[in-house]
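Both of the next two complexes hold subunit A, though its partner changes from subunit B to subunit C.
Moving on, here comes the complex of A and B:
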């Protein structure tokens, strides 16, 4: 049941080898993951073609999944891949392809934050974030568990059952909302 | 530390080599099998039995110029073939070929394979859209709707198995079936009498997930030129082809691990990697056999089969198994 069990003859990616805090290689791997996430996010926000934006979003999600794996939760990492990349991104791309075969760029009126005001806001936010990052004393927490499936399942159904149920209500609302929108479209 | 990196490199190289060799020679096997079934020789000129055909094909594909059609989305067009092959190689990392031959055993091994397999649909979508060809777009929409619909009964079946065995670790799944074919998951047990049906559902779904005939709507040659890879030549096409065969090997391995006892012998003797390879190649042979014997279904028949037959049956099986597990 040990997720980092490297009992195979080719055992690799062990937690101690890669996630060791002082390991320079671990740092490089972590930076690659961060870069993947950020680049994916930038592509998702800035591309003019929607399908490219979805591809960027998928890249971003893969980066996040990698960070989860790095942080010793293989289960969450795999669910991130399965749900966000495998389901969400593909559904979005699918919807785009069904809805808009030819793209015609629509440029709405620019919002109030598009000019110098936006630059000021972005600058302030950046300074604030840098300040936070520099001034926070990061505490290295001890590893709680191995992030295994059984522990997460037990926690979800005991300590976090309320959150779990609330999330399902959110999903229910989303389903009902989409049904109402679709129904409205059909009656026209 | 350096040993870990060395191990990682060896594991990755081994996974890529296994995937590539299998992909190349399964193409040969498929063409020979097709020839045999259609009463023609198949590739038999290069080398004994035509065994040098795959390297020749590989050299040809790699030597060809990469053509990008005008109006295509260059970045997505180039990324899509790599995205078809890379997840398949990642999945090989966690597949246990025997008790000791596994690159990295994970306790969420089943999930990992499905997580990376779900990237395959993304590559088909990007390929179809990126090549700016209406046949390619139509094919990719078809292929993805098919992949989405068949992932559901497949995952429900996997949940049934996981519920029965209580583990997502591929090695533990095999260990639970050790001792002989009467212990295999494909055999009906007291807690899950419908296991052969699950096995059949999983088999059908893996055919559909790998876009194999009779479910190859994504590259229906008679309707859509060559489907989502119409615009691809040279190694772009080669990567799609290799990705498809690598996915077939993964599908066969997954069926073997989940239902057919992995590396265990049918009679409980001499468990080892040879049994695993024997089982996956028998399954792959049956995949090839089915492809060249059955005609292609229609898209409606395909989606109806999943949503109206396979999903209800697999859900019923899940509930039945859950109930019986509580009783026994």
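Moving on, here comes the complex of A and C:
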């Protein structure tokens, strides 16, 4: 990709559509957000206290929202901030406050996979997937549109309206079901 | 390719998604509480979402499809988190613990 045909921080366009950002500042911010995502993920899966794990998860999700912005989808980035950072992390924080006392916590390894064996398992999965991703030749098709918010709304209400309604029903059932499950045995 | 142009390559996003997925698997096999395992499963879901968005941006002809699929993944993940946390709270009320080693009534 030739960086000389850039048109500033807003990115540049070719015949196939959006080609990317070419400002050096965009690259620096991307590296910072990449580091934020990975550090947040390490805190989320590795910290001893669950409250810190949730804080790391929120940090990781903020980084992922920035990654989505770089993938030319500001709408999905906004939904990531709203749903994951705003709803899921807060829900997990409430569950920790309700159901995870720190005083009677057990120490020591949790099982046969908890030590280096778990690290080897995860490392093998990661290295295998990275090898697959790097060694596969993907076919790049020309873009038929730009994928803006307007188009997403039109597609959601025409081609994907059935899935949209099904997802709303699933969410409704999840809300009612979680209320019923968590309410059981409360009046004692 | 220079390091400042890293965000215009498909492999960067695929490697990041694989690393997040691996972190999720590591958390899933090492955590000893239900809430910790739920946090790890959120990492796995977000890794798969990044994969969808990367292919959507770089190879797919219609860039709206991957974004819509990622939105559906987010909705299902929110439903999964709500159900999982309510089950965790119900388990805590019955067993006074959310440790995976204490919930062994079905083990026989």
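One rule holds for everything that comes next: the second predicted complex is superposed on the first by the 121 of 188 C-alpha atoms of A that agree within 3 Å, B and C clash if a C-alpha of one lies under 4 Å from a C-alpha of the other, contacts with A are read in each partner's own complex, and residues count from 1 in each chain.
In this section, a residue touches a chain if its C-beta (ideal position, glycine included) is under 8 Å from a C-beta of that chain, and two chains touch if they have at least 3 such contacts.
Note that the structure is a prediction, hence the values are computed from the model and not measured.
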- prompt: What is the contact status of A:177 with respect to subunit B (first) and subunit C (second): first, second, both, or neither?
  reply: second
Task: Check the residue A:119 against both partner chains and state whether it touches subunit B (first), subunit C (second), both, or neither.
output: second
Task: Mind working out whether A:97 is in touch with subunit B, subunit C, both or neither, as first, second, both or neither?
output: first
- prompt: Which chain, subunit B or subunit C, is in touch with more residues of subunit A?
  reply: C
- request: Classify the contacts of A:87 with the two partner chains as first (subunit B alone), second (subunit C alone), both, or neither.
  value: both
- request: Figure out whether A:41 sits in contact with subunit B (first) or subunit C (second), or with both, or with neither.
  value: second
- prompt: Touching A:156 in the superposition: subunit B (first), subunit C (second), both, neither?
  reply: second
Task: Could you tell me if A:74 is touching subunit B, subunit C, both of them or neither one (first, second, both, neither)?
output: first
- prompt: If you stack the two complexes on chain A, which partner ends up touching A:52: first (subunit B), second (subunit C), both, or neither?
  reply: first
Query: Shared contact residues on subunit A for subunit B and subunit C?
result: 1, 3, 17, 75, 79, 87, 91, 94, 98, 146
- line: In the complex, the residues of subunit A that touch subunit C are 1, 3, 17, 19-22, 24, 26-28, 30-31, 34, 37-38, 41-42, 44-46, 50, 53-54, 57, 60-61, 64, 67-68, 70-73, 75-76, 79-80, 83-84, 87-88, 91-92, 94-96, 98-100, 104, 106, 110-111, 113-114, 118-119, 121-123, 125-126, 129-130, 133-134, 138-147, 151-152, 155-156, 160, 163, 167, 170-171, 173-175, 177-179, 181-182, 184-186
Contacting residues of subunit A [partner subunit B, same complex]: 1-3, 5-14, 17-18, 23, 25, 49, 51-52, 55, 58, 65, 74-75, 78-79, 81-82, 85-87, 89-91, 93-94, 97-98, 101, 146, 148-149
- prompt: In the complex formed with subunit A, which residues of subunit C make contact?
  reply: 2-8, 10-27, 29-33, 35-36, 38-40, 42-43, 46, 49-50, 53-65, 67-68, 70-72, 74-83, 85-94, 97-101
Query: For subunit B, which residues are in contact with subunit A within the complex?
result: 1, 4-5, 7-8, 10-11, 14, 73, 75-76, 79, 96, 100-108, 111-112, 114-119, 121-122, 125-126, 128-130, 137, 140-141, 144-145, 147-148, 151, 167-169
